[in-house]
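Reviewing the structure listed below.
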Amino acid sequence: MSWNTFGRILRFTTWGESHGPALGAVLDGCPPGLGLSEEDIQPFLDARRPGQSKFTTQRKEPDQVRILSGVFEGKTTGTPISLMIENVDQRSKDYSDVAKAYRPGHADYAYDAKYGFRDYRGGGRSSARETAARVAAGAVARLAMPEVTVTAYVSQIGHDEIDRSQIDFAEIANNPFFCPDPAAAKRWETLVDTARKAGSSLGAVVECVATGVPAGWGAPVYAKLDADLAAGMMSINAVKGVEIGDGFGAARLSGEQNADAMRSGENGPEFEANHAGGIAGGISTGQPVVCRVAFKPTSSILTPVDTIGRDGENTQIMTKGRHDPCVGIRGAPVVEAMMALVLADHKMLHRAQCG
Amino acid sequence: MSWNTFGRILRFTTWGESHGPALGAVLDGCPPGLGLSEEDIQPFLDARRPGQSKFTTQRKEPDQVRILSGVFEGKTTGTPISLMIENVDQRSKDYSDVAKAYRPGHADYAYDAKYGFRDYRGGGRSSARETAARVAAGAVARLAMPEVTVTAYVSQIGHDEIDRSQIDFAEIANNPFFCPDPAAAKRWETLVDTARKAGSSLGAVVECVATGVPAGWGAPVYAKLDADLAAGMMSINAVKGVEIGDGFGAARLSGEQNADAMRSGENGPEFEANHAGGIAGGISTGQPVVCRVAFKPTSSILTPVDTIGRDGENTQIMTKGRHDPCVGIRGAPVVEAMMALVLADHKMLHRAQCG
Amino acid sequence: MSWNTFGRILRFTTWGESHGPALGAVLDGCPPGLGLSEEDIQPFLDARRPGQSKFTTQRKEPDQVRILSGVFEGKTTGTPISLMIENVDQRSKDYSDVAKAYRPGHADYAYDAKYGFRDYRGGGRSSARETAARVAAGAVARLAMPEVTVTAYVSQIGHDEIDRSQIDFAEIANNPFFCPDPAAAKRWETLVDTARKAGSSLGAVVECVATGVPAGWGAPVYAKLDADLAAGMMSINAVKGVEIGDGFGAARLSGEQNADAMRSGENGPEFEANHAGGIAGGISTGQPVVCRVAFKPTSSILTPVDTIGRDGENTQIMTKGRHDPCVGIRGAPVVEAMMALVLADHKMLHRAQCG
Amino acid sequence: MSWNTFGRILRFTTWGESHGPALGAVLDGCPPGLGLSEEDIQPFLDARRPGQSKFTTQRKEPDQVRILSGVFEGKTTGTPISLMIENVDQRSKDYSDVAKAYRPGHADYAYDAKYGFRDYRGGGRSSARETAARVAAGAVARLAMPEVTVTAYVSQIGHDEIDRSQIDFAEIANNPFFCPDPAAAKRWETLVDTARKAGSSLGAVVECVATGVPAGWGAPVYAKLDADLAAGMMSINAVKGVEIGDGFGAARLSGEQNADAMRSGENGPEFEANHAGGIAGGISTGQPVVCRVAFKPTSSILTPVDTIGRDGENTQIMTKGRHDPCVGIRGAPVVEAMMALVLADHKMLHRAQCG
C-alpha cells in the first residue's frame, strides 16, 4: 500500500491519466488456476462506463479491457495480470482555463503545490477515470472469492434517501442510478436532471454489502478488515466519509441497543442484529459486511467560483465540458470493486497465517 | 502497514496484551537529532491514562513509559525507538465467564473463529490498552513535525453535541471529557454518570484538527492523506466511522455549497471555507486538516445479553469488572496521536519524493 | 518488495511473459519534474536487446518502449510511469517438448510444483525477457540520480577473466561482450562461439561500479544498501551469487589487510583502499559502490539431459530454438539497471529520514 | 522489509543497541497455536552467546530471553510476539577514542555521515549484538515449519577450508567453531588463537543447508526465495558475499555440467545433482536449499590503523577491548536463524497464494 499500489497479498497498482493514451492496473499475487478472460471483466467496466445516460458524463469511452499478461489457456497463472484500457474520447478541447487557474474542490492546487507542476488535462492522475482500473481489478478479485457476493447501491442523492423497506437488489440494474428502490430511482431522475440543467451537482451515499464472508478474515491491529475498507473507500475520488455498520449512528446508541446478541443456529451462530456491520475487533464475524461511503457533489460546476490563478492573482473559474452531475452514482461499481479487492486480499492473508 | 505495523516511512509496530507483563511500540524511521526523553512522552500517556475520574475505567495503570533504544545523549539516533509500558494493575479476577462465552460487541467470537483460541483476559490483544502504545509513539511523531499542532476533542456523547460557537481549545484540558465547550462538559457529567450507574454505556464522536500542515502532503492514489487517516482512525478500538471535512454532510450539499473558494492572500492562497477538511485529491491544501471519528458505545455493559458459549450453546453474559462507560472519551488522545503519526509520516514521504 | 514489485520509495512493478503480447513496468514514486521521453530509455534497451551479434540469442525484438503515463510536456509528473514493450518475434514454434517435460536448470518443474500449471512458451514469466522491463525502469532511475554514474561490465566468461590492469570503461561499448579489456574480448569471441556451435553454454561474472554516491545512503538494518543490492541482483535470472567489494575474497583476509584506512583529503575523507566496496554497516561511505554478480551457464543446451515428464515418467530433453550461449553477457545492462534502481531508491529513502 | 523490519508475512522488527538497556524483536504474523516458551528459544541464543570460549569475545552476556506478548497458556495466539534480552555486561569503559575517530571497517564514519551523530558505545545499532534478536525470532520461525531442518556450519576460516568428504553434522556442536569436520576444528584452534594473540582477526565462510523444504516455496520475480535469502544474509553484520548452490563456481561451468538432471523416484522426482542449491526460478525444487555466506575479518584489531577524526584530522586508531577474533564463527547461528526466518515466511506466502 504505497503510492499507487493497494493490498497486502493480492496487490494491485494502477497507472494512467485522464487524457493519456491509456490507463491500467497490474494485479499481482492472484491465485493460479482461476478461469479468466476479458469477458469476465468487461461487464463490470460496462456498468461503470460513462455516457450511458443523461445522468452521467457524456464522455464516450468504450472502456474495452485487454489482458496483457498473467493468463494462459484461459486460466490465471499466478503471475501479474496486466490490464489495459485505452482512452479513446480525449476531446481536443481548450484547457487553457484549467491550466491557468485552480478549480476549487479539485486537486488542481494541491498537485501544483506538491509537484510544482501538473497534467491539467481532465484532472490528469486525479481524474476519476483511474477508478476504471480498480473496477477491472475488482472483477478478478471476485473470481478469487466465489463464496462471497458483493453488492453496492446508491442509497441517497442529495437529501433524498431510499426507503429501506423497499430495497430490492434486483432493481439495481434496472435504473441508471444503481438504486435498489424503484420509487426513489424515479424521483432521482428529476432531481439529477434538474441539477444537471442548472449546471449544479449533487452528493450521494453508496452502501455496500458483502454476503458469504466467513468469520475470521481481518487481523489485528493495523490490518483490520475495517481499516483496510476505510482506506480503500477513502482513496476513491470525491469520497469524504466511511462507515462500517451503524457508523456515526452507533455514537448515539447505548451499549444495550448496540449489542449484536447471538443465538445458537443450525449452521453455527446466528446474530440478532448487525450494528457492527459484520466486523468485530477488525475481524469478520460471519455476518454480512456492511459499509457506507459518502461522496461529495461533483466539484465541476457551471457556476463561476472565486479562485486564484497559478501566479496567485484573483480570478473566477467555471468548469465547462463534460462531467457527472452526481459523481457518487458511478461510484457504486467502484465501491463494489474496492470491497471485493479488500475481501479477496484478506481471504488470502487469513490463509497465510491460519492455514 | 501489515499486521501490527502502521506507516510508510515513519513506521511503528505495537505489541502487548491487556493482561500480559507489558505492552509497547517500536517506532522506526524517525529522523535523527530530535531531542527526546521520557518526559516528552509521559504527558500524552497521562492524558489517556485510565482511572483519573469516575467517568473512565477504574483500572489504575501508571502507564510509565521507558525508552529502551534509539536515543543517545538525549537525541534520537535515527534507529528504532523501543517504547515499553509495564502493565501493573492486572487484577486477578475470575475470567471464567469470558473464557466460556462470547461477549457481544467484543472481538471474542471473531478471535476464536480466526485463531481457534484466544487470550480472554481483558480482551487480550483486542483490548484498548493497545492504544497506549500508539499514544507513546504519537508523542514522538509530534517532535518530528514541530510546525504542526494537532488537537482532538470530544464533540458529542450519545445524542448530546457541543455548541460549535462555544468551542475553546483551552477548555479541553479543564474537564474529564476532553470537551472544548464548558457547558456541554457540565451536561456530560450527568449524562455519563447516569449511564455508568445504570451499567450502560454511551457512544461518542471525536473531532481532530491539525493546523500548520503545509500544502503538498499526501500522494495519489493509495497513499492519499485522507486514506491513511481513515485507516489509522478505523484501526482504533470501537471506531465505526470516519469523516474528512464535511464528511457525510457533503453528500447533502450542492457543488456550489461545497466549493472552497480561494482568494489571494498575503501569505499565499486563502480559502473562504473548508468543506474539504484541508485535503483535495488526497493531498493537503494548507488549510487545517479536519477529521471526525465515531466511537460506538462500550460493549462491556452490566445488562445480561443473549450470547452463545464456546461450544455453541445458548447462554447470557454480562460484563462485570472495570470499564469505561464511554470509550470514546479516552479516544480523544488516541485520535490525536494517530493524526500526528499519519501527518509526520506524510511529511517524510513528501520529502522523499519532492525533496 | 512483494511479488513483482521492487523498491521502497522508488518502486517498480514488472509484468509480462516471454510469449505474451507485451511486457512492461510501472515505476512509481519517481520525483516530479525530470525531463523524460522514450529517447532517454531506448539506448539502454538497445544495449540489452537480443539478436545483435552471433553471441546472443537470435530472437529479433526491437524492444521499442512506449511511455503510457506519468509524463506531461516532457517531464515526469510524480505519478506512475507506465512503460510498455511489445513482443514482436514470438516465433510460432512447437512447444510440445517443453510442455510435456521439465528442462533441468529452468524453472519449469518449480513453477508446475507451485502453481499446478505454467505458461511453457519460452519460459513464460521466468523468461529473462522480464529484464527488459527492469532496464527500462533503470533508465528512469538514472535521471533521478544525475550525480551518480553506474557502469557494469563482464569480467569473466567461463574460466577466462579479464586482466584488471587493462580495464578501460571506454572499451565496454566496443565489443559484443560488455568487456572493458579488449584482449579478453578478443579471446571471448572464440570461447563463446565454440560453446555456441557445440550447443553448449557458459557462465559469467558481471561487475558493477557506481561512482558519485555520497556517504550516507542505506539504512540499518534490513534496509541496508548492500542487502537491497543483494536482493536485486539475486532476483535476476540465472544469478547464483553476489559479492560486495572483496566478497568471498574478504573471508581470506586478515583484519589488517581488509582495513580501508582513511586520510584527510581536500574534499573530505579519502580512503586508501576499498575492500568494503563502498558500503559499511549497510550505508555508503562515499567510495565507489562495487558489486559482483555470478551468472550460471544458460540452462538451454542442445545436449539431451535426463529429466522427467509432467506425469513423472523418465525421459530426456534438449532445448532447441534460440538462446544465448552465455546469458551473463546480456546480464551486464540488467545489473547496471538494478544498481541504478537500488541507488536512486536509497537516495530518496535517505532524504525522507535525514532531509 | 523496511528499516528494521524483515519479512513478508512472518515479519520481525528488531531494536536495541550494544550498550542500551536491552534489545529485542517483535515477531508478527506467526501462526496461532504453536507451543512456545522461553525454553524453545534459549538454546539457540546460548549457541550464539558470547564468552563461551577463548575464540569469541569475552563479553559475558547471559542473553536470557523474555517473551512479553503473543503467547497464552503456552501457545502462540497469532498476535505479535515481543522478545526482549537485557544487556548486562555493558562494561563501563572509556569510549573517548571511538567517539573522536572513525574505526576503519566499522560503520562509524557512515553513521556519522548519514545521521550527523551516532551512539559510539560498542558500535551502537551497528553492533552484532543485534543478531541476538534475530536468533530469538528464528527459533520461533522453526516452530512454524517443523517439516524443515536448518543447519549452518563454518566451512572456512581464513584460507583453511574443511574437507567436504568429512562433513558430519553431529560434530558441529562438539567444537567452538560450529565446524562439521573435526580435523579442521582442531587446526582452527591454533589458527584462531594465533590471530587472537596477535590482535589480528580472520574472515570465514558459513554454509547453511535446509532439508525438508517442499517444491513450490518462493515467488517470481522480486519475492524469489533466493533473493530474500540474499537480502537476509547480506543484512548480517560483516557479510560481504552470498551464494546459492554453486554460486560463483557456477560461472565456470558449462551448461551440461551445471544441469541438475531429474529421474523418477518413489516419492516424486529425484535430482542427480544440486548445483542450483534447491532453487530454480526463485522457487524451491524440493532439493536441499543451500546457501554460502562470506564474513569479512573482524574490523576491530589491535594494530593501529590510519584514520581521521570527527573534525577531519589525520590520526590513528586501534580497537582495544573485547571482540571476536573471527566474527564469522558466531555468524553460524545467525545464518541459521535467517534461513529459518526466510523459509517460514515463504511457507506462509505460498499458502496465501496457492492454498
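Brief remarks on what is shown
To keep things simple, chains are lettered A, B, C and D as they appear, and every chain counts its residues starting from 1.
Methods note: a contact is a pair of C-beta atoms (placed from the backbone, for glycine too) under 8 Å apart; a residue touches a chain by one contact, two chains touch by 3 or more.
Protein identities per chain, from UniProt: A, B, C, D = Chorismate synthase.
Keep in mind it's a predicted model, so treat the numbers as computed, not measured.
Where touching is counted per the definition, the chains common to chain A and chain D are B, C.
Set against the C-alpha centre of chain D, every other chain centre is closer than that of A. Centroid to centroid, with C-alpha atoms defining each point, chain A and chain C lie 38 Å apart. If you average the CA atoms of chain B and of chain C, the two centres end up 45 Å from each other.
The distance from the centre of chain A to the centre of chain B, each centre being the mean of the chain's C-alpha atoms, comes to 26 Å. Residue positions of chain A touching 2 or more other chains, listed in rising order: 2-5, 14, 29, 32, 78-79, 114-116, 125, 219-220, 354. The part of chain D that touches chain A in the complex is made up of residues 9, 29-32, 78-79, 219-220, 348-349, 351-355.
On chain B, the positions that touch chain A within their shared complex are 1-6, 8, 14, 102, 104-107, 109-111, 113-116, 125-126, 130, 156, 158-159, 195, 200-205, 214-224, 226-235, 237, 240-248, 250-264, 268-269, 272, 275-277, 279-286, 292, 294-301, 303, 305-308, 312-314, 328, 350, 354. On the chain A side of its complex with chain C, the touching residues are 2-5, 11, 13-17, 20-24, 26, 28-29, 32-33, 66, 68-70, 72, 75, 77-82, 114-119, 121, 124-125.
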